[in-house]
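There are two complexes below, and they share subunit A, which is joined by subunit B in the first and by subunit C in the second.
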Partner chain A sequence: MSRRVVRRALTGYALLLPSLIGVGCFLLLPIAVVAWLSVHSWNLLGPVRFTGWDNWRAVLSDRQFGHALVVTLALTALVVPIQTVLGFVVAALLARRRGGTALQVLYALPWMCAPVAVGVVWQWVFAPTGGALNAVLGRRIEWLSEPALALPSVAAVSIWSNVGYVALFFVAGIRAIPADLLDAGALDGAGGWQRIRFLVLPLLRPTMFFVLVTGVLAAFQTFDTVYALTKGAPDHRTDVVAMRIFSEAFDAARPGRAAVMAIVVCAVMMLITVLQHRYFRDRTGYEY
Partner chain B sequence: MSTERTERRHRGPAVSRSAAAYLLLCAGALLTVAPLVLSAATALKTPGQFATGSPLSPPNPVTGANFHTVLHHGLGRAVLVTALMTVFVTGGQLITSTLAAYAFARSDFPGRDALFWGYLGTMMVPPIVTLIPLYLMFAKLGWLNTFWALVIPFVFGSPYAIFLLRQYFRSIPAELLDAARLDGAHTLDIIVHVIVPVSRPILATLTLITVVSQWNNFLWPLVASSGETWQVLTVATANLQTQYNTQWTLVTAATTLAIVPLVLLFLIFQRQVLRSIAWTGLK
Partner chain C sequence: MKTSTRAVLGIALAAVLLVAAALWLGRTESGDGTTVVRLRLWDESFVPAYRSALDAFEQANPDVRVRITVVPWANYQQKLRLDVAGGTADDLFWTNLYEDYADAGRLVDVGRALGPDAVAAWDPSAVAQYTRHGSLWAAPQFVDGGTAVYYNRDLLAAAGVSPAELADLHWGPVDTFRPVLRRLAAVAPWAYNAGNDFQSLELPYLGSAGGRFQDGSGDFSFADPAGVTAFGYLVGLVTDRLAPAAADTAANSDFAKNTFLQGKLALFQSGTFDLAQIAKQARFHWGVATIPAGPAGRVSTNNAIGMAANAASPHPDATRRVLAWLGSAAGNRYLAADGATIPAVVADQLMYRDYWARAGVDVAPFFDVLNGPRTGSGGGPGFPAALQAITAVFAEMFAGRIPVPEALSRAQAAGSAARS
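Right, the complex of A and B next:
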């Protein structure tokens, strides 16, 4: 190798050094520790014991963890389609209208706010006495402690936070579509709905892909909102996996089992992403 | 052509349909903002008015007493800690990410691309996975419940930031960098005097994104700090809620304090924020 190449390599690695330290210490090392923890038993204080597959067996037969996965999938299935459809509707109405940007700002406001603070605000909105929602409805509904209502209420808060954010992406996507194309569609006699169905939606596939993938990943990791609203109550109806991992590690003091759960969650998320990737590639012929 | 187009558009229905669209949009916007506005209004009420009046009534008389109380119960310090943490992390991320993104975008050395994609792959690991080991590592080092515990895991940049900057740096014309190099500029000179000035929009975007995510960060500060000394705003808000259970005038005062600074930031930089989102979503 010539001296020039060596010098360039040295400069490159020197520039990367701080970031590599960050990734090494706070991402790769923790991942190795997770793998190590998953085959050890420990209560955060006493001695560490190698236990092989015991944690794995315990977690995979743990009904509560299975239940948490189901709750998380249900939350994701509620939140992502609704926020995507609502976000698209808002964007379709906003994108080519005067004053669209000002309204966009209002819609995006909740997304800027800390999810925990949002959760606390909504705890007040949902409060049986003194809460805003029951005051509007003139009823006394236990939004968060009624088992059948708890998960939909949590989902509603997530949807509320995300609609404006999703709409921003769709607005950007719609604005990128050349006006001539839509006008040509109108000339060919396509009505509003037909133009959306056959022109706008196909052209928005990359945006759709992005919104769905990031939406699913975010919904699957929901923690802050649940922590502020219900902490998994009532009767574990809102006990999402992130909440389960957190309480397994810090309340039950079983970091080994929590590590196994974390690995399972990570695997599920990767699987979901790959499936979505496949779906979009097969349906659209696009390569992402 | 144009006459045909105007003929096809029936003006009457189009106008009423547009009015309906606006009505729908405004109703939606109102619904979106209402919880925030109502809770801020509640924070300005006296406990007496809150107990007797409707939650929807405007505050009368307006009082700042709730804010006074929560600020004196740890929230004042939490605001400072959060602001300081946000400044440190944002500064660190900007510097380290700029250096790394330049290396990935503009240097040529063996292993660069493999390293970049490996780096990007780490974005797939959710924070909850690394939470427990990070906690254990910091406990082992005796760093829990210090200011550095809040800052260190985030200060060395993020794959996301590096990705965003790399995309931008790649679009800078090569002639610009070559000219500087011919003038004898070294890599750092080029980054500081050529790359950074032309990358202002994306750096502003990244600053906003980092400030927002750091100000709102909850999970790591929740486990990394205990007690009031290094409590951040999000954790303090969650704790106040448990502490002042159903004293909603105090609880809403706390959430208003946690939310308002970012809302202001958003309103001031809304153009930038909207553009930044378009950037991140479409690239």
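Right, the complex of A and C next:
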């Protein structure tokens, strides 16, 4: 092998090294640690003991974890469709208007705020006594303590945080649609709704795919808002999986079981993402 | 030089500066050769008192500097456990739930390190709280005293209730407490702060009903007839709107204290830890009375906060010297100087009472209740996780969604499962 070839190869590896270190330290190593933890028992203070499948058996027979998965799915089902529709509506109103960019930033502000800070502010908004929302409504509603209202209230805060962010993607997608196409539709007699239904929405499918996939992944990882607003109460009605994993790892000091939960949640998220990908696979390609 | 080269060099320089700053902040040896001992608290308001005590220590011990870190209570327990596990915990740290650390060999045996003279100076109940398997695992810093009832004298006057009447109230089969609360409810938004408050309400009521939170072996034992009596009474006060709704107190743990300070709550049952704030912020006439007696009398719990020493400290000798100072009469009395808390050194406790006597506040109800029987404040391996599981079920009980006997059984099972 010539020196030139060796030198080129070494240069290539040297350029790859930062990425390899990043992937190794921040992806592969944590995955390996989580897998290792899942078959060990440790309370963070005492000795580590190999326990085989004990953690897996405990988690897979844990009804609270199953319940947390259902709560997370319910939260996802509430948040993702609503934030997608609202994000699209906001984008449709802003995309081709003057001053739209400033308004986009304004709408995206909640997404830029620290989620825990958002949670603290909304806790005051939702407070049964002295809360802003009840003061406006003029009646007492226990938004975060009433079992039927707690999850929708948490979902509302998530939607409020995310709508502007989702709208940013739709704005970009709408602006990428050639104006000629929309003008042609108008010339053919299509009204506003028909142009959206038969032109804009089909052409936005790649954006829709991205927004839905990232929306589902983000909803599955919801933690800060729940932690700040309810900590899983009342009666575990808002006990999402991320909250359960945190509680198992740091409150109960059972990181082994938390690791199993994390692996299960990861598998569920991958499954949902694959299903979404399959659904959109043949529906996102357009040439115009 | 190319722009891209400048950018890479800039990033590299920033990284080097960040690493250097991190190393400098985390150093345990100062530039002048002195040893830096780190001490961790969870309450910012104690920093001035500790700083004064440590300034005096540093004057007498010029080879040691003590740096105070405050980690808020909300995530103190989780962060401490992680830091101890990761070997980054401070040399000294406040503790109240120490058993897991002691059992894992992460704490210094304080009794052995400081000797019998130090132990003899401390409040015996605090020493008992931090003694496990015959060893003392923390130097007691201050005690909470017992539980008492802060009253709004103006609201009492409006309801025609004299402060003297509060001194002899009973709840249970012979109930003289509830009629007084009804009279107070007629003049105030809320009469009393019954609710899901472990130390100030649940333990005293449980004890006053003849029950215990944990039995001798540490197993939870509150789901018995005494527990049903105690919690049934408390929940009944919430249901009857003599206390704030469970939703209010669940959403904000300071709701009762704040409403008392706003003059909307007539009676506020709590400990000495709220005394300084009430004295400073209450804009009405107020006083302190004894808690109502239950079927088994008037029983309160007393709790103490201790300073534990990290067994993995790189400066064991300097750490021991700081601990000895903070546990001594001379070092401990700084905590009582402004009436903030009751020092654990018995000889210093009079300072606290004198301070409040000078301020015109009779703190005797916090101490008198401890002359009778007391109930334990709970503890043992896995206790934080268990208490969290129990409190979540109690929240549903106070909201009226689970009947008291069923809730107690469920809470007891949840607590046992959480610590298993």
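Going forward, the second predicted complex is superposed on the first by the 277 of 288 C-alpha atoms of A that agree within 3 Å, B and C clash if a C-alpha of one lies under 4 Å from a C-alpha of the other, contacts with A are read in each partner's own complex, and residues count from 1 in each chain.
To be clear about the criterion, contacts are C-beta pairs under 8 Å (C-beta built on N, C-alpha and C of every residue); 3 or more make two chains touch, one makes a residue touch a chain.
Since this is a predicted model, take the numbers as computed values, not measurements.
Contacts of A:163 after superposition on the shared chain: subunit B is touched, whereas subunit C is not. When both complexes are overlaid on chain A, the residue A:233 reaches subunit C alone and has no touch with subunit B. When subunit A is checked against subunit B and against subunit C, the one touching more of its residues turns out to be B. Within the superposed three-chain model, A:114 lies in touch with subunit B and out of touch with subunit C [touch as defined at top]. Of the two partner chains placed around the shared chain by superposition, subunit B is the only one that A:94 touches, whereas subunit C remains out of contact. After overlaying the two complexes on the shared chain, residue contacts for A:11 are found with subunit B alone; subunit C is out of touch.
By the touch criterion defined above, A:123 reaches both subunit B and subunit C.
On subunit A, the surface patch touched by subunit B in one complex and by subunit C in the other comprises residues 123, 127, 129, 250.
Listed in rising order, the residues of subunit C touching subunit A in the complex are 78, 81-82, 84-85, 100-101, 103-104, 106, 244-248, 250-252, 255, 382, 384-385, 388, 392, 395-396, 399, 401, 418. Subunit A makes touch with subunit B in their complex at residues 5, 8-9, 11-13, 15-16, 18-19, 21-23, 25-31, 33-34, 37, 90, 93-94, 97, 99, 101, 103-110, 112-118, 120-125, 127, 129-132, 135-136, 160, 163-165, 168-169, 172-173, 176, 183, 186-187, 206-207, 210-211, 217, 220-221, 223-224, 227-228, 241-242, 245-246, 249-250, 255, 258-259, 262-263, 265-266, 269-270, 273.
For subunit B in complex with subunit A, the touching residues are 4-5, 8, 18, 21-22, 24-26, 28-29, 32-36, 38-39, 42, 50-51, 54-56, 95-97, 99-100, 102-104, 107-110, 112, 115, 119, 122, 124-137, 152-153, 155-159, 162, 187, 212, 215-216, 218-219, 223, 233-235, 237-238, 241, 246, 248, 251-252, 254-255, 258-259, 262-263, 265-267, 270, 273-274, 277-278, 281-282. Subunit A meets subunit C in the complex at residues 43-46, 123, 126-129, 142, 144-147, 232-236, 247, 250-253.
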